[in-house]
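Worksheet for the structure shown next.
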């Protein structure tokens, strides 16, 4: 059994690398959005032409990024949604809602301080973790039945 | 043609009342989450029993609220998602993602300051408005073909 | 908002009547399986002809009952699944699984003693209640926002 | 033609091993839940943190196990559901209902004594067997057209 | 509970009238194909223009009739498929397969002589009847719980 | 049986009025896009604010119109797609493709000169007509079984 | 591009072998029902135990065969349905209806004499052929763009 | 991550070759309709027999081509729809609508002169390009995160 796992959300820390490294002996195929912040913001205008208006600048980029995001979410067995300490991160919550409506298994990864604000997102999740290592342990258990310790 | 419209998101201002009042001559059926903040937070434990742990207190409430939210989203033709000035509002973005995956027509209503942070949500919307009156004008146009002014 | 509620499971106590009576002022449309035990067991052979073999006697009846059950589950917004004190009640758990795969909102109603054995069913539910009155309170809250007390 | 077969239900006897051994020359890919009883019960708290309350202890584990179960059921062509002599086994009946709503081909494997209690589950099955060897014979016939004897 | 019932198949006897008359006190909405044989054969060319080639004459008619058939099947809760004594009746078997793939509850009505030839169709049905009165009894039981006699 | 019919395509002749008038004694509910050309082009900027760039001017309008179009197509049993003599009419062909993927019954209404260019669209249709009166005759036949003349 | 092709229907002539031989240089994966008549009739009782009643004998077999048929139809891109000269062949028409509801591309293969009786099945097909060699030519064209001659 | 890309539309210029050549180092699987104009027009009658009537000549061909088109669209992650300078190109707009209803990511490729006429098609797209090289750049970015320049 190969698991397709999509790693959605925060792009300012190395949580993806921690999970991918921790799971390197497991039969997992990981996918992610483009995590280079500038590329992600500017991809639309860089390819399809400049916009004077910031709204359309952003819109073109968000639409191009959606090609990758939708593919990643549609193919996933498990969607891990990471909320970091800062920023609005509405894209992460949007991905969680999208994944929920598709019936995907959702793991939310967030610091404890966000617990109350994320309660509706948690209600759609099968697991809520605080550390990337816990996500790895879940993937290991799901694939092999092995528990930590 | 009756339109089913679900009004998702911010519960601290009277934007829902403005839209419902403005559209009172139109063939629209509006639905919303429970907008009483305390009831929404406490419904789970009030009905199903207290919890010592704040996480499970919140969880029980979010699950009960999901019965209403899912029904409202599933039945909707149009989902209006309102982002206010404050708070994380991840439930609003979650609803937007959920509605997008179901193929619902989405109208986002937000102050201009949130434009960049909402770009992925906007990319899934058919309209982005700043004022409740614009939402009314869209509903009026969709149902009757009449434009303002 | 009218809620379609299917009342699945145990047929040996008056829990359905308690819920229907308690919710009589609410905009709910209730549906149930045939709850007469003998009719439910014998409907197949009574209409379609006797069987010598007990397996086919039961099979014919279960198939005819499935016409009603499938309709009830397919039309439901909320499925309440009741587990009583006795018997195997595999039909109740089957209905819960069926409803879960259809994405229905599930409320499980069971005595505390069954908690561990029902944990997989509970994991698919939005609420777990012990008393019919709690189901009524959930329906009232979902439809009106009112909480008990 | 490769068949994906999910082996759901009882974890206290070697029925899975008998089927896998018997079908080892066939083009079948078998999947199962985690069948170590203690790991299955404790996986949630072992990875995501202890709970004082037994309900939430169980809930966390059932949710983590659901990641594997959902994947197994979603990918399956055939779902074999085994009911043993003992216990409530509501998870088996739940899986059967879930598989039925997804339109999967279901084979039920149970001792004759459970016949009446399983009639609604049998009504959703394409085959009802008493011995693991019969399941192997069905898989062999479906894949190769060969019958026993 | 209103049942939508589509009456598919043989158009040379009064079985539809018998069922509709027998069920006139029940909350059932019946739909059928056009049962006038000549109209059904010629509707395409009568409206859309003559064809020299018999194949296209038939094709145009079958396509126009499909507008009604698809609507009837899509809206149905229960599909009754009647096979008479004579003719190929491939349209009846086609409707049964179409209904099966949509997950509709199927009742097959046929003379005993056709039993072996219909075994694959029967395998997708929830009831197999020989007389229209049995179909009425099933509808009565499904809607009211009452059995004959 | 009420038929929901969506009238898509050309807005420069009175074909919709002819069909609606001709079918006024039938149980049909008709829906259409906004057929005022200027309103349809300008609705986006009239409600949501001016755009300097013609592309975004058009885009905003097309998105708002999509709210009505999607609702009309999603609710339809039958989609009539009219191609007139002039213009590109890609929106009509787009609606036909959209309707085809949803499994809707499609009637194409076009002048004979367009036959070759529309062959892929015709291949997805259940009827191809040249006159609005033929569409009325199809609706009459589908609903009542009556043929012209 | 690999095409999955399911070959449904008549089992008394070598039409399947002709198609498979003719397409042996193409990227096609063929699947079929079990075509040994006796095995197909008796598989249920041979594996799951004898039945006194011919109906249940047939039923058990049809159900076991359905495991293979459903898999073949669900995985298919193209379903070829063959009607021979003789017999009722309702299983072939049933498969055609099932495939149509799943949106599969259908090719019907039948002698000209059956044209009128098959008109509803033809109305759901993308091609109607009289010879196995024509089916091969269609598969070749679809995969390579090459036409005969 | 492999992307399945279907290249729909205009067959009179080498835009497909430009995209395939430009993307030859990327993990993309391209599919297209048959682009030989005569073969595409005549495939139906060449294989299935001549027709006197031009409408049925075209119809037979369009139906056979639909086998390939539907497979290509159903399997695609991304659908590129090219509109050239000339012709009606209703098949391209039809494919765009079909892809939109399936929820595919759509890239439209057209000369600027068609902008207004394509506004409803653009409203369903995630990117609108003028040059094949821009499509390549989008595919490169989606797969690797690399931007041009």
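Each chain gets a letter, A, B, C, D, E, F, G and H, in the order it is written, and its residues are counted from 1.
To be clear about the criterion, a residue touches a chain if its C-beta (ideal position, glycine included) is under 8 Å from a C-beta of that chain, and two chains touch if they have at least 3 such contacts.
Just so we're clear, the structure is a prediction, and the values are computed from it rather than from any experiment.
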{"item": "Shortest contact path, chain D to chain H, counted in steps", "value": "2"}
{"item": "F-H, C-D or E-F - pair sharing over half of the C-E contact pairs", "value": "E-F"}
{"item": "Rounded Å distance, chain C centre to chain G centre (Cα mean)", "value": "40"}
{"item": "Chain centre separation in whole Å, for chain H relative to chain B (CA means)", "value": "37"}
{"item": "Interchain centroid distance [CA atoms averaged], chain D/chain G, Å", "value": "31"}
{"item": "Multi-chain contact sites of chain A, meaning residues that touch two or more partners", "value": "63, 66, 103, 128"}
{"item": "In the complex, chain C residues that touch chain D", "value": "54-55, 58-59, 61-63, 65-66, 69, 83, 87-102, 114-124, 128"}
{"item": "Contact set on chain B toward chain F in their complex", "value": "1, 3, 77-78, 103, 105, 107, 125-129, 134, 137-138, 141-142, 145-149"}
{"item": "Residues of chain F that touch chain B when the two form their complex", "value": "31, 34-36, 39, 42-44, 46-48, 60, 63-64, 66-68, 70-72, 74-75"}
